[in-house]
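Have a look at the structure that comes next, please.
Labels run A, B, C and D following the written order; every chain starts at residue 1.
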Amino acid sequence: MTVCRDVGDLVARIPDGAKLAVPPDYGGVAVTATLALVEAGRRGLHLVCLPSSGLQADMLIAAGCVDTIETAAVTLGEAGLPPAFGRAAKAGTLRILDATCPALHAGFRAAEAGVPFQAVRGIIGSDLLRHRPDWRIVDNPFPEAPEDRRIVVVPAIRPDVALFHAPRADRDGNVWVGRRRELVTLAHAARATLVTVEEIVDTDLLAEEATAAGVLPALYVTAVARAPGGARPLGLQDLYDPEPAVVADWARAVAVGDLPAGLAAVRGRQAA
Amino acid sequence: MSADPRPIDTVPTPPHPREVLIHALSDLLQGCRNVAVGAVSPLPGSAALLARARSDGACRVTLLGSRRHTYFTDGGRELFDCAGQGRIDAFFLSGVQIDGAANINLTCLGDPQRPKARFSGAFGSAYLYFVVPRVILFREEHDRRIFVPKVDYISAPGATAPGVWRPGGPHALVTGLCVMAFDRARGRFRLRSVHPGHTVEEVLDNTGFDVDLPDSVPETPVPTASTLALLRGPVAAEVAETYPRFAADLFGATPSH
Amino acid sequence: MTVCRDVGDLVARIPDGAKLAVPPDYGGVAVTATLALVEAGRRGLHLVCLPSSGLQADMLIAAGCVDTIETAAVTLGEAGLPPAFGRAAKAGTLRILDATCPALHAGFRAAEAGVPFQAVRGIIGSDLLRHRPDWRIVDNPFPEAPEDRRIVVVPAIRPDVALFHAPRADRDGNVWVGRRRELVTLAHAARATLVTVEEIVDTDLLAEEATAAGVLPALYVTAVARAPGGARPLGLQDLYDPEPAVVADWARAVAVGDLPAGLAAVRGRQAA
Amino acid sequence: MSADPRPIDTVPTPPHPREVLIHALSDLLQGCRNVAVGAVSPLPGSAALLARARSDGACRVTLLGSRRHTYFTDGGRELFDCAGQGRIDAFFLSGVQIDGAANINLTCLGDPQRPKARFSGAFGSAYLYFVVPRVILFREEHDRRIFVPKVDYISAPGATAPGVWRPGGPHALVTGLCVMAFDRARGRFRLRSVHPGHTVEEVLDNTGFDVDLPDSVPETPVPTASTLALLRGPVAAEVAETYPRFAADLFGATPSH
C-alpha cells in the first residue's frame, strides 16, 4: 500500500484503456481525482459503474477519456441527463453497455466470490439483453416452480482499477467506508484499488470493533491520497451534502459546449 | 415537527390535484408491509409515507436518497437483494414511454445505436418489475408521446414469455388524469377511475394504446378531511426531509427534525 | 418485530422440523436459546451451519432435536470432535450433509440475492460431491481458460429460521453484529430471524453513521429476547472469551453418555 | 514485548524439533505476499509469522482465530472470496489420511454412511486446495495409518480431471520426519529433505505410498542463530497472542500486548 504524494500521483496508476470501476454519484465519487484524470488526458477508459454514474461519467466523457461506459443509468438528479453523455449517445461516438442495477451488482459479486458468473432474476424480454451478447440465458438447474426454466447469467466484472473517495484512511491503508459497502465490493472485485480520502489518521481503523465493521481492509487497497473535499460538489456520507447548484452549472456549461466553464465550476469546489 | 402554517380550526383548502394523485397512489399500497421508492420520486414518496401513516405501523417505507427512511446497511445491492428475497411488496416505476402491454422505456427513442433521444437508462427496472409483486407505474403527464402503442425500447417488459419465473409485475398505472389497473392475464390496462375535473374522453384522446373500459368509470376518490390533515401535517413534514423544495411548494412544509 | 418476554418465548417460534440456520461457535451462538430448545424437546430439526458448528450442534444432537445436519465441519476446538455427533455419525442415526465452507457461503449468498443457485470453484473430484445429489456440475458459460469447462453450482439455502446471539439490539429490532457479517447473510437468507442479545438499548442503532455500519436492520429481524451471557461458554466478539474448560466438561460428560451433566456444565455458565 | 526468559548473551539452546519444523514450513512461504492460516494451527501459524518477520514487511499473514492478525471485515466468507480473487498465495491443509496423489481425508474412515471413525469434516479444503497456488500439507505425526496408499474419503483431491479450472494445489508436505515436494505434473511426492536425527529409511518405513527419491537426500536445514533468535523473541510473542499455551510450552513466551 502506497500513500501517494498527491492526487496526480494516484491517478498516474490508471493507464489509458483501463477498465475503471466507480460508485454512483451519491456513494463517494473521487471528483478531485476525476479532474486529475481529465487534466492528465487519459484516453480509452472502459468506465463500469456500480451501478450508475452522473457528474463523474459526464466529466470523463466530455473530456474524451471514455470509449465505453457500462452502467444501469446516468443522471445528474434534478439537473437531468448528463449533457456530454447525451450528445455522445446520439452521435454514436460512445459505446454504451446498458445494464440494470442488479446485473452490475451480480457481476461484481461474482468477481468478489471468485466465480465466473452469477445468475440474475428478471431481464428476459427486455431489449437490454438483445444488446448484451455477453449476457446469457441458461437452463435453470434449480427451478423454483415448473415454469422457472430459463434464467440470465452475467459474467464476473473484474475491473483493472476501482477508484473512489472515502472519509478517512489510516497509515496502513485501511479505509473507512461505513454503510457504503458497494465500495468494499468494488475493491474486492478490482485488481487495484485507488482511494482518495478527506484525511489520513494515525490510529488503526481496525483496532476498535465498533469502527472495524465499516472498514475496507488495507489488503485490498493499492494506494491512497489525501484530497480534502475530494467528492465535492457531490456529497460524502454524513460529512457534506451534494451541491445541486454546482452540478446544474456543469450541465448548463457543457450543454452549450463550454467544457472549460463546466470544469471550472467543479474545480471551484475543490480544496486548494 | 409539523410545519403546516395553516391554523387547525379553519376549513381545509380543497385538495390540490397532486394531493389527489398522492392519495390515489397511497390507496394502491394498502396491505403492503414494505414499500420502497426510488430516488427523485417526490409524489410516490409522499404516497408511501401517507400509506405508512395510515397503516398504524404495519407498513415500512424505504425512500432511496433519504437518510432517515433508509434501513439498509449492506450497500447499494441491498434493495435488490431484499426485493429478490420477496421482502418488498410494492415499488414505483415510470417511463419516457409506456405502452398498452405495460412495457416501459427508460432508455432511448429511435435506433439504440443512433438514438433520436437518449435518457438515463433502465436503473433496476428490468429486475424489480419481475420480483416485486405490486409495481405501480406512475407518470404525471399524460399524452400520446408517452402512452404509445409500442415503446421504442423495452427497458423492462410488462409481460414475459413462458419459462421465466416472475412473481411480480405491473399492478396499476397512475397519471395526472386517471388510474388504470393492469390485468396480467389479459396483458392489458383497464380504466379504473378518472380524476376530478377530467373525463374518460380526455383520457382516451391522450392515450396511444387501447384501454379496456368498464360500463361506468367512477371519479378517483379524493382524500377525506382527516386524511388531508394527515398528509398536510406529519406526512408533509416527513416528505420535506427528503424533498424540501417539493414539500415547501405543495404543502408549505419544512422538515421534521 | 417482537421483543419476547424471555428466551423460551423466542424459541417457541421454532417449530419441529424447521430448517434452522446457525453461525459457527466463534461467531455468536445463541447457547441460552439452544438450552431452551433442548428443554422444549424440539424434534426433527434440519440444522444448517454457516459454515460449521460445535457445541451448539452437539447439544441439539445429544438431546435428539436434530434429524439432519448440513455443515462444513463440526469441532469443539481443543476438545476435539463433538461426542454426540461422533456417536450419531457412526451409528448412522444422523443424516449428515457434508459440505465445504464456500459452498455453504454460496448457498446462503444465492438466497440473499434471490437467485436459485450460485457457482463455487473447486469441489470436483472430492467425495463430498458424490454424496450431495443436490449439487450439480454444469457447463461453465464463461470459461477463464480453455480447460475451464465444468463448474459446481449449489442451490440457494433458504432456512426457515436463523438463530444467533449478538451484543445488543435497539427497541425497533436493529441488531449490532459488527464485523460478523455472516449473521447479516443468515438473516437475509432466512424466512424468520430470532436473535438473543446481551442488552436491549433505548438508542437507535441506525442513528449514527459509525454505528450503523455494523447493524443488521430490523427489517430482517422477527423477534429478539434479552439473554445476558447468552453465548457462554462460547465467546462473543470483544465482550467475553470462550471458556474451553467448560466445553471440555461438556465433551467429557457426553462422551460417557451423561447428558444431564453435560447440560449442567453449560447451564452453569448462563445468567440466572 | 519479547518475553524470552533467557539472557541474551548465552549461547542459544539448539533448535527444538518443532523449531526445525516451523523453520522448514516458513522456508516454503518465501516470496508469498499473503499467507492465511486456519484455526487451531500453532505450527503453521508460527511458520507464517516467522516468514512475515523475515520478509521485511512484504508478507501479510492472516491467522484465523486471532484478533490482531485478522484483517477481514466482511464476515466468514471473506477468506474464501479473497482466495477466489487470487489474493491468498499460501495456505496449510492437513488430513487424518493423506495419500500419494495428495488426496486428503478430513471426514471419515470406512463407509461414509456407517463410518468406523468420523472426523470434523472438510472445512474449506475442497475449495482452497483448488484456488490457492501454494497449499502446504502439514502433519506432525508420520506413520502408515496417516500416509496411506489411498484415502478412504477424498475430502479434497490432490489432482483434478481435465476441464476444471485449478490455479492452485498441493505444493509440499511437511511432517515430523521430512519435507516432500509435490510434482503436480506427475501427481507424486518426491522426498526433498529429512529432518536432523531421522533417516530416509525411517521415512519410507512409515509411509504407505510410493515416494520418488533423489540420488541423495539432504538434511532439512536448521534455523541459523539469528533466525532462532527472531523466532524465540518477537515471533514467539506474536504466536502467544493466538496460541498462549503452545507458545509458553515451546518458547516460554507470553503474548506481546
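Here is the rule we use: contacts are C-beta pairs under 8 Å (C-beta built on N, C-alpha and C of every residue); 3 or more make two chains touch, one makes a residue touch a chain.
From a predicted model like this one, the values you see are computed outputs, not experimental measurements.
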*Mind checking the centre-to-centre distance between subunit B and subunit C? Centres are C-alpha means, answer in whole Å.*
40
*Let me have the rounded angstrom distance from the C-alpha centre of subunit C over to the C-alpha centre of subunit D, please.*
29
*Which residues of subunit C are in contact with two or more other chains?*
102, 105, 109, 113-115, 120-121, 140, 143-144, 148, 151, 179, 184, 212-214, 238
_Where in subunit B do residues touch two or more of the other chains?_
72-74, 77, 80, 84, 131
*So what shape is it, when you link every pair of chains that touch: line, ring, star, complete or other?*
other
_So which chains actually touch one another? I want all the pairs, not just one._
A-B, A-C, A-D, B-C, C-D
*Mind pulling up the subunit B residues that touch subunit C in the complex?*
34, 60, 71-74, 77, 80-87, 131
*subunit C partner contacts - residues on subunit D that touch it in the complex*: 39-40, 65, 67, 72-77, 80, 84, 106-108, 112-131, 153-157, 159-166
*asked:* Give the list of subunit A residues in touch with subunit C in this complex.
replied: 102, 105-106, 109-110, 113-121, 136, 138, 140-144, 148, 151, 153, 155-156, 177-179, 209-214, 237-238
*Given the complex with subunit D, which residues does subunit C contribute to the contact?*
23-24, 26-27, 50-52, 71-75, 77-78, 81, 85-86, 89-92, 98-103, 105, 109, 120-128, 131, 140, 143-145, 147-151, 179-185, 238
*Can you name the residues of subunit A that touch subunit D in the complex?*
111-115, 184, 188-189, 206, 212-220
